[in-house]
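What follows is chain A paired twice: with chain B in the first complex and chain C in the second.
Presenting the complex of A and B:
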């Protein structure tokens, strides 16, 4: 029925429609063809175009005053029934008016459509189209009303003090949630459409007088260069636009919290809202920003500094603790004091595996349990804890497959890895601990150091939309360090972070000076 | 206008690149070598060596500043014509490759001696070449960032040297200049060579963002180096007796052995492993620069393939030669000779030559 232009032919946006050959209308129809003035002809064409869509409603009625025939076309699942019945059909059928004057439709967004392409995308997009006999134009009426989730607490990013509104699956609503925080005319919105079939709306939000033009241009070209069928979720979009897709580290941040997104916009970053996705993208990012959470700014600065430091400690523990265990047990045992070594040896005496095998087995089981708990429905999910904690933990030690100390290592690593607030970053680090364990098993402490050097070398060579990933550490920016390892009091952060490429305008005045 | 806009380095990165190239494995045995020649007055020789290297560095920056946008390759070709210029840049290239080789071999020998006695050398070098390749295949900017970050990551190491200091005896230093200036001066050549590494600044200068701080930057880099050297030497002299220190090949490592915690015996193992990061910032600039020179010789933009080739050659050579400490020492002496020429003789010469060249050319053009 619909024949898409091949991308290689150059044009990519419009559909080619063909009326099937058995129809009595033998002519071919394209998206640019205009509507006919004869209503019956128009409805016939519509039926042809949507012949595979039995849910299409074509409501034929006559307009009250002039007894003119008219038709309202819509897809019932995508439209708001109440709006159609009370604000379109009712006034049209009951009130008296003159046709050449304005229609008595009480709907905000009404637009005149002329071509079949417009009609089709309007109907498929959830609008309804009003066709009137004798007019060769139709009306697109905004009656969108597809099934929608209520704005609710963000599921994956829990916060104690942040707002309780999370993003939903409708792009316009998400933009509204952001606008509520920044009702300012410099908040810019750029819209693009990607996906030949999916036609996903992508909106870029940023502060025009703050955000960097270079980054904007880079981001725009990268998004416009995407040629795919459809983008289903934000993760796919990231893979198409990020700088180094081979890296384990996320270079673009995902969030489902409007307050987080807004805080990044105010720092001079860009937020990308993808219609139909309950999370938005934040770019450009750096390594440090994945360790910041919205709660840091809501709690007292001493406490949040402490939490920040503990998160970096968690990063170190996740990456190095299992590897160090392997290295110190199997290679450099002279580092451990005698008594401790003896007690470890005692706990390991029954274990048949080499330390690295023991570590890899236990860490893999941990990952399996984590993944299982993630996919299971919540009531059953709790059993994973029981199975994992009691059966695997207790019984495996009792039988002598793993040592007690290994259980401690695995548990501490698991808890530490969950301390990292960003899911993508914490999974990246969890993934990297396996090569680290292997390096430790092969070369001991030297292997760990070489692994660390490789990770650091990779981190400093990464860029996020052309801005350095390692900032504010390398290149060093003192002003940005106020919000890195430590969280300085808010009134001391007078300028926006330079690492985003933002035009370094003053973020705030002299607050709390004389008191 | 700017040729290297995408590869600019900040002054901080410039400082840490030079400082990183200077500090390597040499400092581990430096206190012993100085003590052999000048007793406990050896630290004075370091200061004299610092003066020499700072003045040479300033000459170097001045020479490079004559043509601030040109790399040394372009300057040499401008001065000496295409053929001689290419020959001279090949000299630099061979020197850099050989420096990379000696540092890598030296580091490998340390790692073998302390951690992996049974692992073959080429495996250890293969291990080293993984992070080296990840970093050196990128531009200078990434190198700068790595050196910078490494500096912050290892800045805590000297703190642990303060622990043995509580048993130190300051009387070892008295009287100052107990045998006069002669032994001190005899140790100066050693200390001068320990500052080698700043010659890389010649290649980094065109990439520097704020060129007005170049002199300050290279001076700070040298000063950081001397602070570290003098500190280490002081601690060693205070702790070991003037005669005892000569008995240890690498007194710094023996010093580290004394550091012990209730939960960590032999903390020196961890420290020495982490010290590998410091050593890596010494070899990585050379591993970057040799292929960089080579790609310029061939007129190619991308140097990353040559990094692989250089690393493979080094691994192959190690496999073939099976180097020992004695070999390494011999090679180091050769590098030092070349380095002295390229770091202390070439820059003043180029500076003077550029004066003459400018005058001569002006006369011709008038």
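Presenting the complex of A and C:
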């Protein structure tokens, strides 16, 4: 199906094809063709190859001592000007040296390139290539220096006690951020390239002696099987490799925090760093891990247990509160205490819509407001809150579009849904409350039960990279329950979670013995 | 493909079964109070009070009286007049007129509460001294809507043991249990609504006797239901100057123990151990020195009160205390013979109540 894209068959990249069709020279160029020893010939070919890139710089100069002609080729936007001028051109032009000896270039990463394919990818990747007359090889010089963001606080995963460094858009930087935490030789790095046009470097990080081989093989196969133009961000990658793309639940976790990523690596999971993406993937995951935040482990265990429990409460509220409202108001009003029932009925009687319609209207408005506030620039975004608060909160009730109690339901649901630390999981649950409301509207409390059973059944059957998603609940793993609903003291969590398939399960010795 | 179509079809089919039994809360006329009474010609009258939620209504309560053959029949008649669909699922009080209470087999009327699970059984059963219409059409200006007021009144009075609170569930137990006769809240309306104590019914659930709030406390103690407050204010006989010696005390702990034996007739020995804390004393007395004396006189007074109450019930042939349950538990062969006329057997029984009072505190002043 993707044959037309496969480089092996066409034996040339798309760029080459364009060049050959557009250039007058009908010379066919292939990625495996080697460089010529004649410099002028080489620069001519380069100009043909990069005829669509007018910003390409081919700096011709002569090497000082031997008066040999040379050319330095690079794309100015992707390279570090300082490195090229002071560490490549200056020593080459000013000092005298023997050509057959080592070049006086003060750059760490220098590599000999032989084929045009290598030259092309080096230049496009931000390196510069030095061609010397009379030599049929060139030098790839690491002068990368594209525009880059500073390492700053993670924007979307705020934490009180975690590190203030978030991932940036450069893959190597992100790997470095992770390496800083685990400077150990068993931290493995596997690199792959995906995307036929936008070649993206994908790096797999894991602990070789801990992580499961089966999961690794599965993950590698899935990534290698991707044939697309380009992967722009990590979310796209997830869609290609996750187990069940039809599920509302995220099966691979996204994070922009190095500390979160590292904690998962230490538990025997895999981290996938995608170049050009400011977040990394963590796989395999389970349902429970979406309710854990890095702060949990930095806070006293009693407090973090309390917070952990409140998150699950938030999950229950988000999923069931609007649905219960609909069910109770339309079927089983008997369960509401009498005083509350009277005030609910008083505010409900002004509303001409059925409870489910009222609930869907309000929940939809909430989602609209959330999306609007997200997309607007921050200064304008605040007005959304004011407009929403005044119009929805007061006017809608006064006019009789919704009831007072519905406002409370919506507000509580919204607040609860934002309590779930992971954005993907919280969105999934927010989405699920709509079918729940529908089920409640049709079958009352029985409908809620049916909806919940369906969700539980789905969660239990779900897998993340072949590992069970429902663990430690289903399959039940008693030891892993220490870090599920409750957060036991750290010294009691002696073993790594079994659900990941990690091999040496013991991860700490006897800490806090009697003292 | 075929499977998917089938799945979609079954989903749609499933959805179509929904919504059928929907009943929105605003479309319901909750009969918060249901009243049962007899008119002059002994016809059943059913009263209902239900809240009105609409803002345009000046009065927030609908009160209806209908002549019906049964409660279920009255629902049809209510639906003919009230705004929404009548529902008995939140009934707070069941008011029963004394006239009806005195009639045989009146409890057959409350059958729908037990039979139809849509109705609640947490309804408080209340006897009304006088016509029920007086209570139900009463509109006090300084009170919230009547059902809330009455429900609250019964609940709070029950906490201080001014009266008893019997829900329909408990009432069912008391009427079907052979070892105990039913007791329900009693209410009267003169110019305002008053809880007058507890109405005691006999084995056929016919009205027999009314007891005062003070006697109600003793009833609760003998029933071994010693939760809540038991504040007493009694006059103790003291040998000093002639006038009344009023003393009030609260009882943080009451322990009741009943033993039964059979010797030609049933003999019940009930020990009531009370720890009292004096909350009011209207005569000079040195409690520190003469505690034993005060204890003795309180014991004597209480014991007399208990005996009077028991005598009263024995003469009417009812056992609201549940002594029969003890008789069955410990003297089954004898009980078996009289179980169907337990009231009669109980009236011949000896009931000895012994009160032990310990003064646990005399308050914060001497």
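The rule is short, and it goes like this: the second predicted complex is superposed on the first by the 488 of 515 C-alpha atoms of A that agree within 3 Å, B and C clash if a C-alpha of one lies under 4 Å from a C-alpha of the other, contacts with A are read in each partner's own complex, and residues count from 1 in each chain.
Just so we're on the same page, a contact is a pair of C-beta atoms (placed from the backbone, for glycine too) under 8 Å apart; a residue touches a chain by one contact, two chains touch by 3 or more.
Computed from a predicted structure; not experimentally measured.
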**Message:** Contacts for A:329 in the overlay, against chain B (first) and chain C (second): which applies, first, second, both or neither?
**Reply:** second
**Prompt:** Per the overlay, which chain contacts more chain A residues, chain B or chain C?
**Reply:** B
**Request:** Identify the partner contact of A:441: answer first if only chain B is touched, second if only chain C is, both if each is, neither if none is.
**Result:** second
**Request:** Look at A:345 in the shared chain and tell me whether it touches chain B only, chain C only, both, or neither; answer first, second, both or neither.
**Result:** second
**Asked** After lining up the shared chain so the two structures overlap, which partner does A:474 touch, if you call chain B first and chain C second: first, second, both or neither?
**Response** first
**Request:** Check the residue A:124 against both partner chains and state whether it touches chain B (first), chain C (second), both, or neither.
**Result:** neither
**Prompt:** A:395 contacts which: chain B (first), chain C (second), both, neither?
**Reply:** neither
**Message:** One more residue to check, A:461. First (chain B), second (chain C), both or neither?
**Reply:** first
**Asked** Which of the two partners, first being chain B and second being chain C, lies in contact with A:313: first, second, both, or neither?
**Response** neither
**Asked** Which positions of chain A sit in both the chain B and the chain C interface?
**Response** 331, 334, 336, 338, 443-444, 447
**Asked** Which of the residues in chain C end up touching chain A in this complex?
**Response** 15, 18-19, 21-26, 28, 30, 32, 51, 53-55, 89-90, 92, 120, 147-148, 151
**Asked** Where on chain A does chain C make contact in their complex?
**Response** 328-331, 333-334, 336, 338-339, 341-342, 344-346, 348-350, 354-355, 441-444, 447
**Fill in**
Within the complex, chain A is touched by chain B residues 10, 12-13, 111, 115-116, 119, 124, 127-128, 130-131, 134-135, 138, 142, 144-146, 148-150, 152-153, 262-267, 269-270, 273-274, 276-277, 280
**Request:** Note which residues of chain A are touching chain B in the complex, please.
**Result:** 331-332, 334-338, 340, 443-450, 452-454, 456-458, 460-461, 468, 470, 473-476
